[in-house]
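Heads up, the next two complexes both have subunit A, just with different partners, subunit B and then subunit C.
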Partner chain A sequence: MGPMDTNNEGAVRLAAAADRSRIALILSRLMRHPEFGALVGTLAVFAFFAVATAGNGFLAWRGVTGWLNVAAELGIVAVPVALLMIGGELDLSIGSVIGATSVLIATASGLYGVPLWISIALAITLGVGVGLFNGVLTIRTGLPSFIITLVSMLALAGSALGMARLLAGTPNVSLKVEGPLRAVFAGRWQQANVSILWWAAVSLAAAWVLFRTTFGNWVLATGGDARSAREAGIRTDRVKIVLFILTALAAVLVGIIQTMAFNGGEATRGQVYVFNSIIASVIGGVLLQGGYGSPIGVAFGAATFGIVNVGIFYTGWNSDWAQLLLGLLLLAAVLANNLFRRAALSA
Partner chain B sequence: MTGETMGSSPPIIEARGVSKHFAGVAALEDVSLQVGAGEVVCLLGDNGAGKSTLIKLLSGVHEPSRGQLLVDGVPVRFREPRDARSAGISTVHQYGGTVPLMSIARNFFLGAELTKGSGPFRRLDLDRMNAIALSEICSLGVRRVTDAARPIGTLSGGQRQAVAICRATYFGARLLILDEPTSALGVREATTVLRLIAEVRARGVGVILITHNAHHALSIGDRFSVLSHGRIAASFDRGERSASDVVNLMAGGVELASLEQAPEPFPRTASA
Partner chain C sequence: MTRGRRAFRSLFTCLASAAAIAGAVHAAEAQDRPLKIIAVLGPLGDPFFSAMEKGAKDAAKASNVEFEYTAPNGFDNLAQDLARLIDVGAARRPDAMVIGNFIPDAENEGIRAAVAAGIKVVIVNTGSGNWSELGAVSYVGEDATATGRKAAELHLANGAKSGLCVNHVPGNPGTESRCSGFKAGMEAGGGRAKVLSLPYSSQGNPQQIVQAIAGELMSDRSVDALYTLGSGIAANALQAVEDNDAAARVKVGTSDFSRQTLEALRDGKLAFDLDQQPYLQAYYGVQIAAQYLKYGMHPIGVVTTGPLTITKDNVGEALKPGVSPYRGAM
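Up next is the complex of A and B:
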């Protein structure tokens, strides 16, 4: 540093202040992006396991595809669940839809020889039906969707199990699928599942819909302030019904993928996705109160989930610790999301 | 004066002898009100007087139990708020009916989004939405808003109301109903909103302003109606009453006057 006169000093101080305010501006801009925090979380967790597993293969192709596969199947449901949460509702029935889909397809095609595309069409119809049921009942009764979808979760899980036992005599019905349909839903390339592509497609499509379409604007408004949305002429009930149908359809997709990947249907499969999708959404920056969040953020949330669950395995520690870590991440995310929300409103 | 316009063309909206009963209880009884173009009508009255009920009839939230609504002199029935809105009647609530975490422009065009492209590529035209929202807000004299991509929740209450008023006029509102817009605002903010109402009036929009603040009412109102227990207790034009008259009328007139004349002191010592 050379000698400076007072004028110069003032200029430097001004420039520093301008720099600081530019940093503040950039920060506040970033905070307006709900996926920013999720990206930071994913990178941090990845870095943690990269160091903690040093040289154990976590960074090798096998490790990378391992967590990508886990993240993909979770992400496919978590992203639509996040859209629904942004719209102000919850869906606990997705796990049962996954199980029911797999039982339906395996029973129809495996046991009765129904062509696979017809079973798939039936499963899609089931998904639309469950979504309609959840949406219409939530709106008509005015009850929390938590309760309504808990009801459909139980009812559907019970019927799927009952049907499987009744028709196949076992809760696990096997079905072997080969050919192009398998490639589309359960294809594999060097340990990487094709579901990774589905995950990317669902995330990008959802981001496009939420931030770039009229419907997305309505979703943000419905979850952000339903009264204002209705005053602006938005049919918030229709918005919610569409979102419930989308979560159910995403669950059907995961159900189809799993039926083919595991060569059969199982009624109880899929229940883990119920809370995991909410975890991925919140870690992905979705506000539990609704009205704020990003599908890309949730894709990162699912990635974080995959990294933790697969990363633990590469550390050689007991996998119980993964749950603890996820719990801590969830807590950090909830706190950070509220902080971000406040920052976005004070910027 | 606004009398000239009243004589030549029918009022934008007129309530003719409307009543509203809720489960047998009369919230409004035989109330008449007219609002012409470029006119600010202030609706005054104590809590529970029936002000909100009256504007709910005018904006299609409720239907009158008796009486008639006329738009441009033609009898109408509003079955839902949508009907009133398509007749050019727009209601702005205390917080402007806005969604805090959405951008100013997204709020401005909520329910009437601008799009570009077609088919599956049809998408929001965010650039145009931002530009139009900003220029509309500035043209009504709200200068402190400089970036329409900011969340609207970063604005103050008065600015949010201003955005909502701009939005209503941009989408062709001919009658603006404001239910207590200034009650939650500080002095400067309230002034901003009142100035905006004057600007909107100058453009020929009719305004119904509900307020508890006699000074706000007197500073902007052309005509005044005081509701009391569901009935019109008084109607007068600008300049006919003083501020203290108006305060008295709003508080139910007689009772307040007698209270003032007989200030019975409350006992200061225990009576034991």
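Up next is the complex of A and C:
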């Protein structure tokens, strides 16, 4: 053992240490991404069900499309909802917008024979109107958006039900759609719905807007510290109004998709999306108090929700306990997420 | 001038006699004021209850009674909402009430109090077990357990061995009884059956319900007979079966109606639809109350409105445009 050897050994050790620190650096850089925790949560939940459903077809194409279809429809709404939450506001009216859209289109086109593209245009107008109402009223009154959107949720659900029963005599109106518009909104390739593409497009577009555009910076600033944002010259009121319109339009999109996929509209459909989109956002790493989050993370959040909600039925376990397991798995996902975010912020 | 005065006088006479007639009619009404009936039934957001409301209103019109339909807005706080509506309804002192006893533990007390206050009560839709001990005049509706058993019979006749009852409102006595009747029926016929309870987080989201049923069918490939308890869920079950390419193996039957389920029956996709005839339940309920109040007559025992079995052979009648609203399917 000469001094040379010792030196060599030291060099190797040094190199190893450098390697380790490089891995640590890459890891910590990865962990700094707000979507990393959400990705880990999705993978963990997927692994859990891959094992728990062994041989039941959860990993087969049919099983994968099953949870993707659920995640897609949720993700389309959850991503804009997350942007709004990052901007510091909530929207409880999206469920009513989904139900009202489905009734509007089914009644107009199914009952009165209005061309489908016109009823879709009407639904989009409705969405913009609801978004404007929520945004302008929240800004003008200074009341919490929780209250304002609660008002529009109730008012819209009531009018959708009332109109449907008045015009069609029933809260469920049938509508069969074929042709190119069906392909765009409810097309299928084997068991995969085209909504999966919409989901991916909405998520990527939202991520680009949030992280690569000035408007995205405004959103983060508005939700992070509205006062300094205003002092820096950002029109926080306009930012919020735009975000409210986006959530309503996303709800209109899901309403259109479901009307075509399920051959009709129901006034009471969609309310569950209010809660589930917030769940997906939180699993996806969005802070409830605003200013932090990532659309890609929320896309993973929606995926986790879809995997858990569909996966449980592939296990063949007694379904009475499904909600308990759902709750526990969501808790685990959120805790893991939190852990990663803290580690990321302290690293 | 004279002419004008005469005209004025005749107008006055005219008005006076009109007033006299009106007064007489009013007096007659005071003696025999219109009977008032209040219903406490299910949310109108459900097409099933829309058909019930139609039946109740038609009966009220035919019997010339004042009628009001009251119901909770949704299913999420059913027990408290129903109990409150029964108390509020009874406090308004109607002559009779038509009540669905959906959640007996919450509703029994209020129903007893209404009966004790001299209000005639007719139970409809749910509550076949205890209507007479509550002091009600009669019960109109289906025997939910018998309906479940009928579903099992129909599936068994098609050669089914292993059934699955999809309960989308776990904890509701009506849906639970249908499922337990179905299970008992399948077992009595040498088959077996289990219950799939859908969690609250899937309510109102058809995509999630489709995927849940598809997943259950994948995890248990022996299932060859699905029984759903609502028209919307039936459509979702059909799609799940189709997505799994299992239509040849798994047959779907359901309770309750919609245009979609009727068309699926016609097209041979749905095996059967068990109708409990909600329009008739409410129609007879109001009519029995009115006839009892007016003439003291009422049916002895229960009036059974279900299950009426609809298959491909007799679905044509229900699909006729003038008929379908009465059946609860637009």
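Going forward, the second predicted complex is superposed on the first by the 291 of 347 C-alpha atoms of A that agree within 3 Å, B and C clash if a C-alpha of one lies under 4 Å from a C-alpha of the other, contacts with A are read in each partner's own complex, and residues count from 1 in each chain.
Going forward, a residue touches a chain if its C-beta (ideal position, glycine included) is under 8 Å from a C-beta of that chain, and two chains touch if they have at least 3 such contacts.
In this text, all values refer to a predicted model and were calculated from it rather than measured experimentally.
When both complexes are superposed on subunit A, subunit B and subunit C fit side by side without a clash. The larger set of touched subunit A residues comes from C, when the choice is between subunit B and subunit C. With both structures placed on the common chain, the touch criterion links A:220 to subunit B but leaves subunit C unconnected.
By the touch criterion defined above, A:326 reaches subunit C but does not reach subunit B.
Legend: residue contacts after superposition of the two complexes on their common chain; A:270 is shown touching subunit C, with no touch to subunit B.
The superposition places the C-alpha centres of subunit B and subunit C at an angle of 130 degrees about the C-alpha centre of subunit A, rounded in steps of 10.
Within the superposed three-chain model, A:102 lies out of touch with both subunit B and subunit C [touch as defined at top].
In the superposition on chain A, contact is made by A:70 with subunit C only, not with subunit B.
Judged by the touch definition given at the top, the superposed model places A:231 against subunit B, while subunit C stays out of reach. Looking at the shared chain after the overlay, A:341 reaches subunit B, while subunit C stays out of its contact range.
Of the two partner chains placed around the shared chain by superposition, subunit C is the only one that A:53 touches, whereas subunit B remains out of contact.
Taken over all C-alpha pairs, subunit B and subunit C come no nearer than 33 Å in the superposed arrangement. Residues 32, 208, 212-214, 216-218, 220-221, 224-225, 227-229, 231-234, 291-292, 341, 344-347 of subunit A are the ones that touch subunit B when the two sit in their complex.
Interface residues of subunit B, counted against subunit A in their complex, comprise 81-82, 85, 91, 93, 97-102, 106, 109-113, 115, 122-124, 126, 150-151, 153-154. Of all the residues in subunit C, the ones that touch subunit A in their complex are 44-47, 50, 54, 74, 170, 195-208, 210-216, 218-220, 231-232, 235-236, 239, 243-244, 258-260, 325, 328-330. Residues 53, 56-58, 60, 62-63, 66-67, 69-70, 73, 95, 161, 165, 168-174, 191, 258, 261-264, 266-273, 275-276, 309-316, 319-320, 322-323, 326 of subunit A are the ones touching subunit C in the complex.
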